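In the two complexes below, chain A is the common chain; its partner is chain B in one and chain C in the other.
This part shows the complex of A and B:
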């Protein structure tokens, strides 16, 4: 699974370059996120602009990443597509994650 | 869409590999596009079929490749029916799933077990039957038209 990572100050932006986060890549994706967290990244924005499909396994890998970072940092989501947002609402994960329409708004939230 | 349209059926046979499941998703999207369903409805239907096929691969076949998952998609003017069949280990019990958790308590937020809840939430009817050799999850979604 191809995922782009870049730094904006002390914030790590993680952006999947593929359209799907599903059961076939969930373990790999979770592993990458855990590696970034264990490397000391405590402010992470997951930019989902390219992602048009997430299944429950993909969602579970994102939840797992949030649990890994726990109280030691923050994991925000930005640029989520409306269809994928439907999954977050259906599973009530929209109440678990801080979700921002744009990457800039997420960066501003983490910079306060 | 006229109600008198006779049902049409398409069948797929998929090898039990998770990396193959997106192909079924593409097929569901294509059929939903043909039926002029909305993007959100299309996503939910694709999601349910993907969840059901994932369950068959992971649980019935223990993620072992080389087995078949059969997917029947039947559609008419009234709605769509999806039949997902495997010949592996059957589910012990099948019933409506709940997803109760405190969103403020991160450690109780589920990472697994959401697939059947999603299916139950999206579909109008869900049944599971096993004849000992073949297990089939049947999911029905009716079209709701505004007059």
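This part shows the complex of A and C:
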């Protein structure tokens, strides 16, 4: 699975380059997220601009990441597409995650 | 065990020379003097390698090789041709009819040993591969049988017969994508007037998800667990737990860290005496109420997935049922089903199909839905487990 990661100050921005986060990549994606968290990243923005489908395993990998970062950090989501937002609304993940329309707004929220 | 090499050559000098070289290297050596004898005795000798002269009185080495390659029992024995000929065309012919290699006379001791050992090594590796493959096939067969047995056990958790409830008609379809899956549902009596039912979809599919379904469905048993029904001292000696509270209990019991899995569930209680449905959903696709004479309704109240430890409360809602209303519960395998073109079956197609089928009996309705999915995907196999439950409320008990 192709994932781009870059740092803006102490914020890690993670951007999957795949269109789908599904059962075939969920374990690998979760592994990467856990590695980044264990490496000490406590402020992470997940940029979902390229992703147009997430299945239950994919959602599980994102939720597990949130649980792994726990109370010691923050995991925000930005640039979510409408199709994926539908899933987030259905599963009420829109109330679990802070979601921002753009990366800048997410960065601003974390920089406060 | 020593590997056995058969030398086929009409020249005694050559045979003696080869025998010395090969025996000194630790191989067992047998010789024959022409092609006819070689073919006659090959089955009994069962060599691991044949060194075969091309030009011999009687049948040639080429013909011997061709015959060997057509004989099942010995076709896999490698053949190295021996000849004074050093033309490329001869070598190619030898290789084309099944020879493994070629040694030109007069030969060098080191070359003979190196080429012989190469072929024996390939044969050893090939045999090992074949053996491993057979073992793997057997293991796979055992695993498949275990999976089939596990699928049977999982199916046994489903209602064994359609519960005989006077004013409810019930039908279902349970279709795991791979023998055994992460979906489960159940319908059970909580008491004389209350029916409980749920559909669950555990994230992922296959064996790990199926095991979680077994655990959760045990937990939801009204008479053994205490999630759906609690024993109390005051009469009647039990209390029916409301859907939201039941989901809260599951949320505490199954944190995502426990199995690295989460699940979605919709749990509803139907008061069949008064026609009242109450439910709560943990991020499950919303059940649909099909009315006979008005638009369909989505039951979308609830909270988020089970496993997050009470991040959001599980809201409940009540609906009054009228005679003829049908309730459809389903898992996301149906709306997320994709055809070869990558098009989703989708909510809209599903809801409008249900609306069109609102006057059908619950059995016919589900049959038509499954037929419609198969039509849409042209029989393409399901990517996810699919569960569908349909219930018709026939009106208040008379």
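The working rule: the second predicted complex is superposed on the first by the 112 of 112 C-alpha atoms of A that agree within 3 Å, B and C clash if a C-alpha of one lies under 4 Å from a C-alpha of the other, contacts with A are read in each partner's own complex, and residues count from 1 in each chain.
Just so it is clear, a contact is a pair of C-beta atoms (placed from the backbone, for glycine too) under 8 Å apart; a residue touches a chain by one contact, two chains touch by 3 or more.
In this text the structure is predicted, and so the values were computed from the model without any measurement.
Model built by superposing both complexes on chain A: chain B and chain C clash. Contacts of A:82 after superposition on the shared chain: chain B is touched, whereas chain C is not.
Of the two partner chains placed by the overlay, only chain B lies in contact with A:24; chain C stays clear of it.
Of the two partner chains, both chain B and chain C are touched by A:91.
With both structures placed on the common chain, the touch criterion links A:67 to chain B and to chain C. Ranking chain B and chain C by residues of chain A touched puts B first.
Residues 23, 55-57, 59-60, 63-64, 67, 90-93, 95-96 of chain A are contacted both by chain B in one complex and by chain C in the other. Contact residues of chain A toward chain C in the complex are 23, 26, 55-57, 59-60, 63-64, 67, 90-93, 95-96. Those residues of chain C whose C-beta lies close enough to touch chain A in the complex are 201, 203-205, 256-257, 260-262, 264, 283, 285-286, 302-305, 307-308, 311-312, 332, 336, 384.
Looking at the complex, you find that chain A touches chain B at residues 20, 22-24, 53, 55-57, 59-61, 63-64, 66-67, 70, 82-84, 86-87, 90-93, 95-96.
The residues of chain B lying in touch with chain A in their complex are 18-19, 21-22, 25, 39-40, 42-44, 46-47, 50-51, 54, 57-58, 99, 101, 103, 106-107, 109-112, 114-115, 117-118, 121-122.
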